[in-house]
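Think of it as A, B, C and D in the order they're written, each chain with its own count starting at 1.
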Amino acid sequence: MNSLKTMTHPKANTVRRLRHGSHLPVGAPLRRNRRRLQLTRWIGLGVFGFWILVALFGPLLAPHPMGAFVSDQIFGGMSAAYPLGTDYMGRDMLSRILTGARYTVGLALVAACLASLIGAGFGMLSVLLPRWLEEGVRRVFDTLISIPSKMMALVMVSAFGASIPLLITATVLSYAPGAFRIAHSLATNLATMEYVQVAHTRGEGRLYIAAREIFPNMIQSVLTDMGMRFVFIVLLLSGMSFLGLGVQPPAADLGSLVRENISGLSQGAVAVIAPALAIGTLTIGANLLIDSLSTSRATQKE
Amino acid sequence: MQGESLIVRDLEIVATPDGGEERSIVSRIGFSLAPGEVLALIGESGSGKTTIALAMLGYARRGCRIAGGSVRLGETEVLSLSPVATRALRGHRVAYIAQSAAAAFNPSRSLMDQVIEAALLHQVMDRRSARDKAIGLFRDLALPDPEHIGERYPHQVSGGQLQRVMAAMALLTDPALVILDEPTTALDVTTQVEVLLAFKRVMRERGTTAIYVSHDLAVVAQMADQVLVLNGGCEQEQGRIEEILERPRHAYTRSLLAATRPVRLADSMPVATGQPLLEIAQLDVGYGKLNRDGEPSDKVLRGIDLTLSAGRSIGVIGESGSGKSTLARAIAGLIAPCHGSVQFDGTPLPPTLRGRTPDQFRRIQMAFQSADNALNPAHSVRRLLGRPLETYFHLDRAERRRRIDELMALVKLPTSLLERKPGELSGGQKQRVNLARCLAAKPDLILCDEVTSALDTVVGAAILELLAELRQELGVAYLFISHDISTVRALCDDVMVLYHGECVEFGSCETVLEAPRHDYTRKLIGSVPELRPGWLEHHPLAMAEGTPA
Amino acid sequence: MTRHDNSRDNRHDNNSDKLTSPQESLQIYRAMQRGLSRRDAMKLLGAAGVLAMGMGGVPGLSPAFAAGGEATPQRGGRIRVAAHSSSTKDSLDPALGATAIDYCRAFMFYNGLTQFDPDLRPQPCLAESFETTDSGSRWVFVLRQGVTFHDGKALTPQDVIYSIMRHKDPAVGSKVLSMVEQIDSIRALDQRRVEFNLSSPNIELPSILAVSHLVIVADGTQDFSKGNGTGAFRCQEFSPGVRSVGVRNENYWRSGYPYLDAIELVGISDESSRVNALLSGDVQMINNLGGNAAERVKQSQSAVLKATNSGNYTDLVMRFDQQPTSRPAFREAMKYLFDREQIKRVALRGYGEIANDQPIPPGTPYYFDGLPQREYDPERAASLLQKAGVAGATVPIVASPAANYSEDMAVLLQQSAAAAGLKLNINRVPADGYWSNHWMKHPLGFGNINPRPTANILLSQFFLSSAAWNESGWKNPHFDQLVIAARGEPDEAKRKQMYADMQTLIHNEGGIGIPVFLSDTEGYDSRIGGMDRTVPLGSFMGYMFAEYVWWKG
Amino acid sequence: MRNTLFGLVAGRLGASLLTLFLVSLVIFAITSLLPGDTAQQILGQFATPEQVAALREQLGLNQPAILRYWHWLSGFVTGDLGQSASNGMAVAQLINDRLPNSLILAGITTIVSVPIAITMGVVAAMGRGGLIDRLLNLVTLSMVAVPEFLVATLAVLIFAVKLNWLPALSYVSTVDSLGDAMKIYAMPVLTLCCVLIAQMARMTRAALIDQLDSPYVEMAQLKGVPPIRRVMRHALPNAVGPIANAVALSLSYLLGGVIIVETIFNYPGIASLMVDAVSNRDLSLVQACAMLFCGTYLVLVMLADICAILSNPRLRNR
């Protein structure tokens, strides 16, 4: 985190250097639980990778079309024919989850990527822009961040209808400002680093400095941040599905699967538990992955 | 409490790096100290000296473990104490003075609060007497305004004063043993003398047993009775300080000694061509907002004049905050001067980067203090060296490859390092890459900003040698910025002494350093510890203070 | 919408409009549809009952409620009632009533001149009696004596005149503006009698006056936030979108009523929250339950489910003026693609009734049961699609939550259409703005039609060639003639035949597909007494439950 | 210290006003794009065009958007929030009815969640890498992972429907005693805590660990300061800044983000007011709510900064 502290004066990082100097080269904060770290990373990677695969190939594997009414039994339990039971209208839950995961994972992934791309892009470039322009960009993102994400989504969906591009736009508008903030502070720090100044004295252009000197050093933080954003977006999307603003029928993301079957909760229907578990494993998996990545990065840095 | 004896036997400390096997970092260390004696642990970074010192408190840092041996303080076996008893020992019978007081003081609590915390915690005395005693110690340590300095917060007190406050904190409980971990490394030389004097006097008065950790033999010579020379966690040599200084038996000790006193390298240089390369006239530089007269609020340099001929080397010396680095940054175009002119090779140099020509960019290179920060950690060495070749000379792939190999040979690095990233190199290697990158531009002038100060003495000496060789081979001129007079003395033809942003003295190295005219220069030179015991006692400051109170 | 062209300009030649002004309110239409039996109408009109009257008879539909024998009513107690929607748009101005909770409040705090009984006959309420002196264009209502508003003011003819005539001001935003447009004037004959003059005869005026929008407010009222009426409950608290509390009006003119001390009305838009609230005992009555929710209530020990069939329908609109729905074979194919059983079973969970692509529900007098039921027949649909030249095509279909169940129906239709080789792309649009921006604007879309007062009004409004809401743009001169003629046909058998012909025409040629009629479902705490009274207007006892239920707990 | 604080607050207020202005522009622009308008919303499916026209005239919807915005803005600046177009009540009155509810819910949630979250963060940081840390990590992860509507619905099913301990709905109006209040707020607060605690606890842990790695905490250890005191007296005061920031960000969720909880528990708060306002195209109400949310966010962030300054003598005394 210390890289986040703003450093303006060229000598401001002296303290940090000395602090590092006081550490033993081998005695620097080490984590004894490296093996555990590895384990959580593999679990995280496994779970997250699983959902990516489901998103990619799930619809191909689905035994029934997503919207097919296959059974007369409503909220049917697990059976050989319907491994995850049937939903509130007698559709095959397994097929619906396999298909629905694509929406959740795909939407969240696209939105997270776009949010990070826009946020980090502006965050990085604004450092190199003239002061007034930088200030303007910051003001715009500050404005966006102060509007609650669900309200933003609500107004936008009311205005333009709940299409997939709009959902992505709304979530990106909600989450890009956060990414911008982090990227901006990272880039502000990196821009004062001596190697950036070296590049300046070499006469390099702004774009080169941004792309080749600054960006490679913030990519990991940006990726970590993107992972967090992914998790938030999954949850925001399922919240929006609850409010009827999310992915629209007959398509259904995991959140709307939980939502539309929630009346089966009182009877403990698989139809509601299965998609809820799916969301849970997806977000926990992503979190574990991010956690292990960011800690191992911290370790490497020492 | 008087100092107690300290006997250490067969100390073994192991570390477990992430994912790695447990390995020994300190092995079979033993020494014994009589009450009131001071032992110096000396060695390069990574030699395990701090780790050993911390073991005296029964403490090992995260990832490390004290695997065996005994530390006997008086009658107490430190390593076999229970956690509670260990806590009772720390800050009471054994006290620790950290390298950087600025980092080791909690920024959010007042100094007095922190100074007396241990005493109150261990119920050595009540708050009032602790305060009184602390004020007494402040006075003994020659801190200004001893009555009220304790009410301040760490950021309101200078580094040297903080270091002394920390000493007061350590000594408040009259510990039997004090660990001083490089207590003056972060300080300017002039401040260092004051702090060393204060430490020495107070410790002698109290008869404190102490362990003094340092990489600087000259400092150790002033403070220690015994020396333990470490390398790679193993003892190289142990003995009385005088013996070690005069009759070093071990080769490593000898190289340490040699590095502490670098030989003059500048004399072997060819005489300069005389053509002025860089001419600076009446240069003013500052930070902050401009006021009505166009003057910045925080003016760092005032009225600097300087002429550097091609192939020559000028040293700029001064303590931190004197404006040395700002001068280099102004020449490099990183900060625009508010006044004055800079001419390079006869043409005025545009004040900022924007107006400069690619050729000017090429001909002036800057080597930053810390290669850690100056080398982009994301790039490989090949890329770091290749980029200037690309931008300045537009070389094609094969030519670049050839030139990079040349550069590596020039800075005496094996080409096997080319694919590594800076994080995988040692400090000296990094600094060499840093220099190689400057050389890639075939520059006429290299601005060296404290290039050796972050390095260990031996490594730093090697870099100095390299710089001297390069100058000889390539005829490049240096503006060599340093706080260390001996490095300037070793490398430079001329020297400029900066004090509070003004040049107080300028002249050839011999003249200025051998016969300084300005008071500050004299003080600066006089503050560099000499490699002989007793130098400190005869320092003018010690004489001025008279007999200790 | 170009409705005003009809209602204003064509008033003289289009007789239907005098009866059939467009309204939204669910209740009035249902009321009238069943309310005035022919017999009553005849009685009202005397021997001269020549106008076509509403379909007679009480609803023959199944009240599936399970309340046991009722004990004697008890006084006291307080209940909480949750309606399915409530927002800051809620108002105590009866003219603005838009949802169930508004109608309930109107009947709690105010009274109309007339009110419906369980047989949906208009009964005297604030009017002690009413009569028409010239077959329906001049009416005299005699006001009840001694009725006071909650603020103590006595009821006068001026209040009646103000209450009704204010709806004619467009700025009021009344939902029943077009309905009161036929009232030319109202005047006080004396302190008790009020005379209504209509622009043309309408023997259904007493039924119209029984709707919640036309309840009586005090003369000159502009600020409705106090709910100052003559009703059985006084408004104690009203915060829009949150709750409203009515406490017993001790001076209520109808002695012995109401039973309850207080009623709290809230809106819970989330269905599952609504059911949970009922099951946990936080509220005592809820309405508008989907199939699964209804099952949950049915299975619970503490609550009772009540379902009433209605003539409300959601229909597939196929425009005659757009491709590909202008092709007759395509339209017919779509009608064959409805798996009506499945829609009833899956989408409605059984809470509905199979329909036959015509709008007159079974059990009403003009219902023509000789019409063969159209069945799900994908093969036939496929060949029809082939004939229409759209086999294998992709056609967009617009659905919205605004039209109840249209999304489920669209999904089901999509499934069955796929079986016939037709690909339907569901374009789901938000409820907001649906009626103005989407309804009747797409080749394939959905509409939702609440029942109309009479079969004739229904047919006139939605199927006449010139009708503004001719959903599909269907134009059939023969049908138009039948509609007009039926209004003036004195012979019942002939009239019935005319309606049968009209239904057949719509069934065969019309541009709409009606798969099912929807049921009203509500749940209530088993400790509520009086729930066996059913006014089949809508949920909550036709929104008039307030003074008739009691608390047994 | 006064000067720093004053300068910060003044600067922030200026920036906040600008932000609010921008937010109002954005919201106005989007709501102007909404299909349908208030008049149509009020009149519904079977409105006649002349009715719509008359109502539009009456509500002033015929004016160009810029003019309407100007009217709203000039009213807002003078403290007049205008009238709700859909029911004619003063916007200030509507907000006044709902805001206390939202604030009470937010307040209780804050009182419950912040101490729990910080305690969890502190405990996890102290036992870094240990069993407790990993356990807490798993707990917080799971809390984040479950959609809040599921938590809320499950809680209702268990505590209200099955066990009948707690009411399924939260009626502010029927609070008579502390016991009542606890019953009513138990489930909404529980749900919100699930959402908020995890985030705050994780941030607290990260901020503390950052401090625990610092030389002065090592120094404290070498002075023999026991672990709890090390965390509470040495590390925590320096972590106040980041923690306050995390708390502020989480709490800003409590006004606008609680729409799901408000829906499920039928809690009459400000978020559902805004949802209503949007679906009714009630522009002045939408604007007022948006201003409120953004204003709250800005104030919270500013408070967090003030906290950070007050806790840091370096900033405090500059």
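Simple rule for what comes next: a residue touches a chain if its C-beta (ideal position, glycine included) is under 8 Å from a C-beta of that chain, and two chains touch if they have at least 3 such contacts.
As the structure is a prediction and not an experimental result, all values here were calculated from the model.
Colleague: If you apply the touch rule, which chains end up adjacent to both chain A and chain B?
Modeller: D
Colleague: What is the chain whose Cα centroid lies farthest from the Cα centroid of chain A?
Modeller: Farthest chain from chain A, going by C-alpha centroids: C.
Colleague: Please compute the C-alpha centroid of chain A, do the same for chain D, then give the distance between them in whole Å.
Modeller: 21
Colleague: For chain C and chain D, let me know how many angstrom lie between their CA-based centres, rounded off.
Modeller: Going by mean C-alpha positions, chain C sits 41 Å from chain D.
Colleague: Please compute the C-alpha centroid of chain A, do the same for chain C, then give the distance between them in whole Å.
Modeller: Spacing between the chain centres: roughly 48 Å.
Colleague: Can you list the residues of chain B that touch 2 or more other chains?
Modeller: Those would be 61, 98, 100, 103-104.
Colleague: On chain C, where are the residues touching two or more other chains?
Modeller: Correct list: 272, 430, 432.
Colleague: Which parts of chain A, given as residue numbers and ranges, touch two or more other chains?
Modeller: 19, 22, 29, 31-32, 158, 262, 265-266
Colleague: With touch defined as at the top, which chains are paired up in contact here?
Modeller: A-B, A-C, A-D, B-D, C-D
Colleague: Which of the residues in chain A come into contact with chain B in the complex?
Modeller: Listed in rising order, the residues of chain A that touch chain B are 9-11, 13, 15, 17-19, 21-32, 34-35, 38, 193-195, 197-198, 200-204, 213, 216-217, 296, 299-300.
Colleague: Enumerate the contact residues on chain D facing chain C in the complex.
Modeller: Within the complex, chain D touches chain C at residues 34-36, 39-51, 53-55, 57-58, 84, 86-89, 94, 97-98, 153, 156-157, 160-161, 164, 167-169, 171, 173, 263-266, 268, 272-273, 276-277, 279-282, 285.
Colleague: List the residues on chain A that touch chain C in their complex, please.
Modeller: Interface residues on the chain A side: 67-69, 72, 74-75, 88-90, 157-158, 161-162, 244, 248-250, 262-266.
Colleague: Under the touch definition given earlier, write down the residues of chain B that touch chain A in their complex.
Modeller: It is residues 15-19, 25, 45-46, 48, 50-51, 60-64, 98-100, 102-104, 181-182, 186, 287, 320, 325, 329, 332-334, 353, 356, 358, 361, 364-366, 368-370, 372-379, 387-388, 391-392, 423, 437, 441, 454 of chain B that touch chain A.
Colleague: In their shared complex, at which residues does chain A touch chain D?
Modeller: 1-2, 19, 22, 29, 31-33, 36, 139-140, 142-151, 154-156, 158-160, 231, 235, 238-239, 242-243, 255, 258-259, 262, 265-266, 272, 276, 279-284, 287-288, 291
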